[in-house]
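Below, each structure is written out as structure tokens.
One chain, chain A, appears in both complexes that follow, with chain B as partner in the first and chain C in the second.
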Partner chain A sequence: MTRYVIQRVVQIIPMLILISILSFVLMRLAPGDPARFFLDPEKAVEPEKLANIRRSLGLDQPVPIQYIRWLGRVLQGDLGYSFRSRVPVAEEIFARLPNTVKLGLAATLLSLIVAIPVGTISALKQYSIFDYLSTLFAFLGISMPNFWIGLLLIYIFVGQLGILPAVGTESIPAPTDAWARFVDSLKHYIMPTVVLGMQSMASWARYQRSSLLEVIRQDYIRTARAKGLCETTVLLRHALRNALIPLITLAMLSVPRLLGGAFITESIFSWPGVGRLAVHALYTRDYPIIQGITLMSAALVLLANLLADILYAMVDPRVRYD
Partner chain B sequence: MTITDTKTKGQVAPLNKAKGESQWLLIWRNFRQHKLAILGSVILLVLFAMAIFAPVLAPYDPDEMDIKYSRGAPQPPTIEHPFGTDEFGRDYMSRTIYGAQISLSVGFVSVGISLVLGILAGVLAGYFGGHIDSTLMRIVDVLLSLPSLLVIMMVNSYLEPSIFNTMLAIGLFSWMGVARLVRGQFLSIREEEFVLAARCIGVGPVRMILRHLLPSSMAVLTVAATIGIASAILTESGLSFLGFGIQPPTSSWGSMLQSAQTFMRTSWWISFFPGLCIALAVLSFNFVGDGLRDSLDPKLRHR
Partner chain C sequence: MKKFLSLTFVFLIGVTLVAGCATPTPEVQVVKETVKETVIVEGTPQVVEKEITKVVVVTSTPEPATDPRYGGTFIAGVTFGDPDTLNPIDCDSYTCGQVLGTIFSYLVRLGPGGQLQPDLAETWEFSGDGKELTFYIRENANWSDGQPVTAEDVIFTLEELQDPDAPYTRIHDLSIAGEPIQFEAVDAKTVKFIMADSYGPILSLMSDMWIMPKHLVNADDPLAGPFNQQPIGSGPFKFVEWKQGESLTVEANEGYYDSRPYLDKIVFRMIPSKEAAVPALQSGEIDAVEVRSSQLPQLQGDRNLVVIPDPDYDHAVQFRINTKSPILSNHLVRQALNIATDREEYIWGVWGGYAEPSNTMFSKAAFCWEASEPTLPEYDVEAAKALLEEAGWKDEDGDGIREAHGVEGLDDGTPFSFELITYSAARYGPLLPIAQAQWKKVGLDLKIRVLEPAAAGEIIDAYEHDMYAGGWGSFGREPQMYRGMWGKGNTYQYHNPKVNELWDAGAREVDEAKRKAIYDEMENIYAEELPIIPIAFDYTFLATRHRVVLDEAGLYTFGTVWTYYSEKLYVTQE
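Let's look at the complex of A and B:
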């Protein structure tokens, strides 16, 4: 077991290095001389000043050395400074991370709450009207652009009915009463959560359906029935437990991707999260922030995959002797 | 010698081929039984017709503005403008019809690019195996962990905004799935008897790949391509929606949705029609892909 863990950890290190190189290269490919960003773009620039700034930024060194120095800073947590706000990138990201995390978790939770029952019932009543309808809705959910649904929801609930807010995490000024604040939060969360979770809701429902269908055909289920267990027990104690494992893994693996920021959803609802930060940074060509988010997101996904692999090995002994 | 015949009523087409019946006909027969796939194909035909015959179908010129009519705000649907107009007075139905051209072509070309890259990578990894395989797969894993939308937007902001650059950017970051598929196919076919037989008679690598290994992957690749087009259309519309894909005044459905943002609370038709088209296109491609997958797999029985 420990050997497997060590093996996987060792495998990840070159991939992390590769990601850092990729991020670095992507950032340097950006047009424009980074040194100029520190100067007033309007005024003419004396070549001496420019050379000084370049030297202070370490831009006169050969590129591999720049990479090493950059990597050293990153490993200490220094992701550079935003071109626009001069605030450290790490600070900008972490200030907004909680909002993105909350939204991502809410969406994942909602998707699970919807997908598991729907998928289960579809599998149990295969080919029924429910199954047919849920398959149709699953396809719709995967195919419809979620921002389109977002726009339509805003039209209905904000434009026409006026019962839900369109912007941000809470109203300004926030209501003072704790209960009112909770309701207010709920109102702010519900549309973005639905929009963000729509696709996963649909595909996980399909996934759960096929997973359960496969499990039900297994011999041990037949044994359980033959033993005389009632159908509910068979379902809950045996079938569901095994069918849920792959789905839960899938759900867990999708979370770090959401931490990279739900760019589109956060943009529509002006959600103060990492995604909106990234989109703004792209508009204003604020490359340090973009690079920081890319790096963080990719590293998180890799680490989450590693964690999932290790957990899987702990749970399923067959995996260890790969 | 007759091939054993597994005629079962209403299910998979019988396996015994009458003389002259090609494999494609069998696949077609299977496909025909998938109602959803047929529906998808019909919708796709309509959308294609829309794109190809746009100059004939569109009642107005999509770029023709009529500010006097619109007075700065989008106008609701009327008999003259069945889909309404946007804030510049441009007929929305015409814009939607012309948008089909852009959105569909971006979908196809992006998938084309990703197929080329993916097949190349998958063939190299699957055929040669060993170190080449593990290196390539590590690269694939790393690329898959990048937040694709963000990176595509980044790349797009470096290049000049053009339709082709958008196609390129999308294609550059979607080849990984294809590579994995091709590699998986190669790995599973390599030990088959017909491959070993070909190797025995001395077939070289190029011929082996082109004539023996790749054709067996065609089925999987076709399905992947179809679903890939659906995904590419969605990605393009997301990109254009955020402003990093197709730029106005060229209208793809996604960029129309982007301009819709200002008026989304008051004018439902601005968001509704382009999004509906995107949804229909993606849905149809998904249906067709699903139907293809079921009909190409000889083991699957359609109810």
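Let's look at the complex of A and C:
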């Protein structure tokens, strides 16, 4: 097992290099010049000014040279500086990371809290009204685009009812009382969390339902019942635990996706997270930031995959890596 | 089961309907007025009654019953993206302009009606021949860290801007007759500009360049260092904190040379989604935000809000033509397209009436702009067709699209077709289908494409475009500010030596009446040659909550409020 883990960890490095090369090249292939964004798009461009800017950003070098320089710095722990703000990329990302992590975790938690009971009950009471309704909401949740839902929620709860805030992580001025502060924070979290978690909530509920359905029909469940165990014990100790394994794996794999930045949700709710930073960087062709975020996301996804595989092996005795 | 489903369905519909109900009373009205105009027809002036549709913005603004009060926090919604840097030398975006306008000062600044007023400079005087300009800086002007603002600061800032290799260079603005302006510190509070020739625009240019503190900015690389993220200025407010991506706070600068600003704090909240901005305004999360005419219906009937239209006509929308593109290189073709443009359709179709037709290169805000000159050509499809025939574009095969017959540089039979693009889907995208339909009538097969700024920028910078829809604005009253649009690398590939001569002459002249004559001549050339087809001045609106007031007669454009007069803002309640 240990050998397997070491093998996997070592494999991550060439994969990251490959991903970074891909993203480096793709960005430069895309139309648009980062230097252009230093000048007002509504004014004419003086070629000398543009050339000056390109030089100061290091863009006048051929692409392979640019990449080698970037890689050299990364191996020393330096992710470079943002084109736009001249602040170190690592600083820009880490300033916003906590917000994204909190939102991501909240969304994952909410999705699990909703999906597991809903999926379980749907499975146990298959074809009942509850099952039917939950299926309906699941499909609605999966198919409705989250930017649309986000704006709809803002329109209703902020514009019409005025009970929830539209923007940011806390009110300005923030309440001084600790409890009021907590409540204020909660109000800011509700809509973005729901919007972000909506799709996973829906799909995980469906997944849990089918997973449990499959488990219940297994022989060992019949055996447990035959042994005389009460239904609750059968369900909780045997069926549910086994049904949850794939779901937990799924949930773990989705976390890095959320950490990479919920681009759309963060933009709609003006959430100061990595996703917002990424959108802004993409728009203004801020290559170092895009490269940094891509690298970070890729590393997280690869690590999370590894973690999920290890967990799986720990939880399911049938799984062995040799 | 079925019953349950249908009940749920009805419930969902009901919720949507209730949420969608709007209250009836409009805040903003459009009024049709009949106006008598003198129109010159075939040499004899005739009085003709024309029905002109004017937009009258009627809002229920209660006169503030309170006197200006000190204290309170103002929360401004900013929808134009995060400021990337807070360094005044590097600021080229609307957002950082808004923020830095509260922190930094100019030597002189624009006041109501576009007149220049003292800011850091208390007085100034030109020498007899106009080649020397001396500014006398206020004794009590200090940086918010306590150091005095000196002539050295001014010279440091302007010399940095003169660095031709720097990305933020403004060497062209700070030179005249081919020579960079020289600066001399006569004493700690007096700075003299020594120019190779008289230079009319210099004062207006000083209202566009913030002064930086020499002792805090890294002379080797002004863009590096903590100053970029924690600026220190001499304006009415000082920087407090910047929560990246979320909000930026400034507070009253007790050491401001003028009286303390009314507000304790201004908080700029970044809201990237314009759609979320209006509900945030309605719920009181922000106090003011700039909105487009398309968002006005959302604000209808909300008694808590006031909508202020931009009165300065400083933003114009136009079609910019690549004059070297084969089909559009003949000015007759460009004139034909101009005459075949029904501006009213754009005004109603794109801006819902909230725009005014334009036929000039300079915007209304420029001091040389004149209402009657050059005259707006009548919309005349037949005259346009005649011009196209003259230029060699005829429809011989009867398919409704003209082909080239004897057009220089093009084979006979080449279809009359080119592409119109734009870099902003939201702002200028709606113009494209209208152009396509209007110009179809004169036999043009117009292709249209909407691109994002970076992609469009690439095409335009390589001069691969034929024509693109765009806008420009906030140049103020100084015509010289427009010069940057007509420089060596301009996107229309328009290089007219006569026009360049006029630009130079206009810059060297100091007397405004004489300058106007020069720019008028220039305007007539542009109207004849049409490297751009001006369409309209589009309005922008500032929507604020009632608790916000500007203590000065008259209202300013949104840009002007924050940038120049943030100390005059107050709130009527906490």
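Everything that follows uses one rule, which is that the second predicted complex is superposed on the first by the 270 of 322 C-alpha atoms of A that agree within 3 Å, B and C clash if a C-alpha of one lies under 4 Å from a C-alpha of the other, contacts with A are read in each partner's own complex, and residues count from 1 in each chain.
In this section, contacts are C-beta pairs under 8 Å (C-beta built on N, C-alpha and C of every residue); 3 or more make two chains touch, one makes a residue touch a chain.
From a predicted model like this one, the values you see are computed outputs, not experimental measurements.
Visitor: Determine, under the contact definition given at the top, whether A:Tyr127 touches first (chain B), second (chain C), both, or neither.
Guide: first
Visitor: Given the touch rule stated above, what does A:Ser267 touch, chain B (first), chain C (second), both, or neither?
Guide: Both partners, chain B and chain C.
Visitor: Of the two partner chains, chain B (first) and chain C (second), which one does A:Val63 touch, if any: first, second, both, or neither?
Guide: neither
Visitor: For A:Val279, using the defined touch cut-off, is the partner it touches chain B, chain C, both, or neither? Pick first, second, both or neither.
Guide: Touch status of A:Val279: both partners.
Visitor: With both complexes overlaid on chain A, does A:Leu311 touch chain B (first), chain C (second), both or neither?
Guide: So A:Leu311 meets neither chain B nor chain C here.
Visitor: I'd like to know which partner A:Ser85 touches here: chain B for first, chain C for second, both or neither.
Guide: second
Visitor: May I ask you to decide whether A:Ile6 touches chain B, chain C, both, or neither, giving the answer as first, second, both or neither?
Guide: neither
Visitor: Determine, under the contact definition given at the top, whether A:Lys49 touches first (chain B), second (chain C), both, or neither.
Guide: In the superposed model, A:Lys49 contacts chain C only, not chain B.
Visitor: Quick check on the superposed pair: does A:Leu151 touch chain B, chain C, both, or neither? Answer first, second, both or neither.
Guide: both
Visitor: When both complexes are superposed, which of chain B and chain C contacts more residues belonging to chain A?
Guide: Answer, by number of touched residues of chain A: C.
Visitor: After overlaying the two complexes on chain A, where does the chain B footprint on chain A coincide with the chain C footprint?
Guide: In chain A, residues 30-31, 151, 154-155, 158-159, 166, 267-268, 279, 283, 285 are touched by chain B and also by chain C.
Visitor: Provide the residue numbers of chain C that touch chain A in the complex, in ascending order.
Guide: 1, 4, 19, 73, 75, 81-82, 84-85, 90, 92-93, 164-169, 172, 223-224, 228-229, 243-247, 249, 267, 269-273, 275-276, 278-280, 282-286, 298, 423, 452-455, 457-459, 461, 470-473, 484-491
Visitor: With touch defined as at the start, can you tell me which chain B residues reach chain A in the complex?
Guide: Listed in rising order, the residues are 36, 138-139, 141-142, 145-147, 149-151, 153-155, 157-158, 230, 234, 237-238, 241-244, 254, 257, 260-261, 264-266, 268, 271-272, 274-275, 278-279, 282-283, 286-287, 303.
Visitor: Once bound in the complex, which stretches of chain A touch chain B?
Guide: Residues 14-15, 18-19, 22, 26, 29-31, 127, 139-140, 142-145, 147-149, 151-152, 154-155, 158-159, 166, 257, 260-261, 263-264, 267-268, 278-279, 282-283, 285, 290, 293-294, 297-298, 301-302, 305 of chain A touch chain B in their complex.
Visitor: Any idea which chain A residues touch chain C in the complex?
Guide: On the chain A side, the touching residues are 30-33, 35-50, 52-53, 56, 82, 84-87, 92, 95-96, 129, 132, 151, 154-156, 158-160, 162, 165-169, 171-173, 267-273, 276-277, 279-280, 283-285.
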